[in-house]
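Same chain, two partners: chain A is paired with chain B first, then with chain C.
Right, the complex of A and B next:
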């Protein structure tokens, strides 16, 4: 294979693959994407697979809404032969304290400004029309958005990757980028487990591992890996009013659970985790997760857990992504810090990045995502994360 | 006929389907699992993992022991959420 490219993308998750696709679509030739395992083997393939537009910050809501529009047609957008598994069964967000309920009112205003069809759900009369068997004890209020839902992270990533390949992007899997090569303030390429590759532009989409690569050229990216665990049950008949049970999510009780179109239930909880690259699963999670979720949804007690796993969130200080043009190695772009919601906003982020690199206009200013914001104080605040 | 042989009984994946995705470039058990769901059902790949490995061994001409195995994930067999939730309560109350 060739040894020199125009652009090298490090990381074959949805972020790397969607950027490869959007760049190729804009006519960029000579792109090599390098992935340590198989495509979507990192955070993308380990995520909760949710698609949510009920965000608290205008920025995340905008990225999510515009990404959802792409997910709605991702198969034709990328020319993919399989289904990407999008199922818009909705998200029911529950508030468990008065303070949280107040925050939801503010969030609704932000969402409505962007045209998100989220609304308050009456807990006495109406909530059972969305989630028939919910235990409402201790719940203060709830909001619902029908257009929220689920997509298959593997198929979405494979869709972008295959689309990119058809436009000439080369993809090298089971290959580790061990270090970046920079000389005299410019990026020159990457050193990998399968030899060196040259490029004058390198896009670092290595999620939790991105800051470590960036640090090699002196870029300080304040993003830290944090383990998050999830589990999946056996498939059962649809348990929602018109199909799979919608996502039920609580920030206060720190859980999410939804039924996939396939019938299985995917769920996770946020635990108190140290900064660590540990992504092994634990039995403590299995028990605590089932306890927390069956308190709100006792009807799930009879479901059997078939598999559990863990992955890494790449946590940034304000829970918003960092898109940072290197000041130490010209031509290097560091993209990470998605903080657990990278999958659902990746389609729009990829467009933003590709537009910036191809000098095309974009309604969103990419520079607001620079890591400089932590120095200048222009941070992007997101109140609604699990 | 041979192509209608079931490889993954939990998810109804046939040998024909397996050959189709291998031809599309999915080269490892991990990738095949994620594109077809083979190995994601109640038995978690106890049967199909070996069968897929045999096919990959033949196609790529590598010995069986060199075929890359996916991660074996807990639990070993399906457990109800109720049993796990009760175990959490028992631990919280100081039991073993």
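Right, the complex of A and C next:
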């Protein structure tokens, strides 16, 4: 194996793999991607697998809309022989307070400006056309977008990785990047569990572990790991109007639940979690999650849970990603802080990053994602996150 | 067919009862499983494979393998190899994925 590369990407999740693909597509040769476990073994493979365009900020909505267009054709885009499992059964967002409902109206305006086909759902009768068994007690209003849905995080990551490999990207799994090597303000490479690799450019996509690596060269990235748990039930026949039940999501009740194309229900809740790398499962989650979700969707009461797991959200202060060109080590790019919605915006973020690194034009200014925004106050506000 | 005598086990089957399987009346005992009663009545195909819908018979017999999923009294995905018989229960074979009644 070679010891020197042009670019090293740390992290084999959807972000690392999609950036590898987009860079290779733009003609960057000599890329090495290093992953500690197997591809998508971290947050990507542990996520709720949702694709949502109903965002409250124009920036997130733009990233999500353009990413969805890529998800819609990801197989042909990357030359992947399997299905990436996209199923656009829709997202039903429910508002449980008048204040939240007011926010939804503002969000709808933002979404409509970008051409998102979201709309208000009448709670008296129309809502049952989307989720036939929903309990509307305590719900003020709901919005629906048919183009939202589900995609398989593993297949999407493998699609990008295979496409990247075909263009010459080398992928090294089961290898831990232990530290970054920097000299005189320039990045020189990485020190790994399988030896040192040289590179003049390092892209740090290590999710919750990214700030720790960045700190080694003196970069302060205010991103903290937070455990989020999810569970999956046995598969049953489709429970939506024309196939799997759409995603039902509430920010106030802090839950999401959707039926996968396979028939199983994937669900999770947001709990008050300390900053920690702990990603063990807890029985408290199982109990609370089932209780909260069956309150809104009583028909799911009879379902048996088959599996439960946890993963890490990389939380940033404003719940928006940080894309930060290092000031302490030239050639180092830190990308993290996706705060639980990295999977659904990764395709567009990868294009943004690749365009910036290849000096190509992009409609979005990458510098607004810099960690400097927390000092200057130009933070990216997102009102709609679980 | 039921085992009547066994060198080390005693069978306390209880009083004879009946339940229906796909509309057919089946003789059973309260201390045996649904699968045992079906087996005694000559019914060997229990479930079907999820993708190709090929027949599946009794496999693990301890409630692990999902080979014997049936709908019991309206509840889908029941592992009938570990559920005991009750008088008048309605057992139906399940084609494809179970349907949750709303």
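Everything that follows uses one rule, which is that the second predicted complex is superposed on the first by the 386 of 386 C-alpha atoms of A that agree within 3 Å, B and C clash if a C-alpha of one lies under 4 Å from a C-alpha of the other, contacts with A are read in each partner's own complex, and residues count from 1 in each chain.
Criterion: a residue touches a chain if its C-beta (ideal position, glycine included) is under 8 Å from a C-beta of that chain, and two chains touch if they have at least 3 such contacts.
Keep in mind the model is a prediction, meaning the values are calculated, not measured.
S.K.: Quick check for you: in the superposed arrangement, does A:263 touch first (chain B), second (chain C), both or neither?
M.R.: second
S.K.: In the overlay, work out which of chain B or chain C sits against more residues of chain A.
M.R.: B
S.K.: Classify the contacts of A:41 with the two partner chains as first (chain B alone), second (chain C alone), both, or neither.
M.R.: It touches chain B, and chain C stays clear.
S.K.: Touching A:299 in the superposition: chain B (first), chain C (second), both, neither?
M.R.: Only chain C; A:299 stays clear of chain B.
S.K.: Once the shared chain is lined up, is A:2 touching chain B (first), chain C (second), both, or neither of them?
M.R.: neither
S.K.: Quick one: is A:234 in contact with chain B, with chain C, with both, or with neither? Answer first, second, both or neither.
M.R.: both
S.K.: Given the touch rule stated above, what does A:132 touch, chain B (first), chain C (second), both, or neither?
M.R.: In the superposition, A:132 touches chain C alone.
S.K.: Show which residues of chain A both chain B and chain C reach, each in its own complex.
M.R.: Touching chain B and chain C on chain A: residues 234, 300, 302-304.
S.K.: Of all residues in chain A, which touch chain B in the complex?
M.R.: 37-41, 45, 82, 154-155, 158, 233-234, 262, 281, 283, 286-291, 293-295, 300-309
S.K.: Quick check on the complex: what are the chain B residues that touch chain A?
M.R.: Residue list for chain B touching chain A: 28, 30-31, 34-35, 37, 40-42, 44, 71, 73-75, 78-82, 84-85, 87-89, 91.
S.K.: Applying the document's contact rule, which stretches of chain A touch chain C when the two form their complex?
M.R.: So the residues of chain A touching chain C come out as 132-133, 234-237, 239, 263, 299-300, 302-304.
S.K.: So in the complex, the part of chain C that touches chain A is made up of which residues?
M.R.: Per the touch definition, chain C meets chain A at residues 50, 75-77, 96-100, 102.
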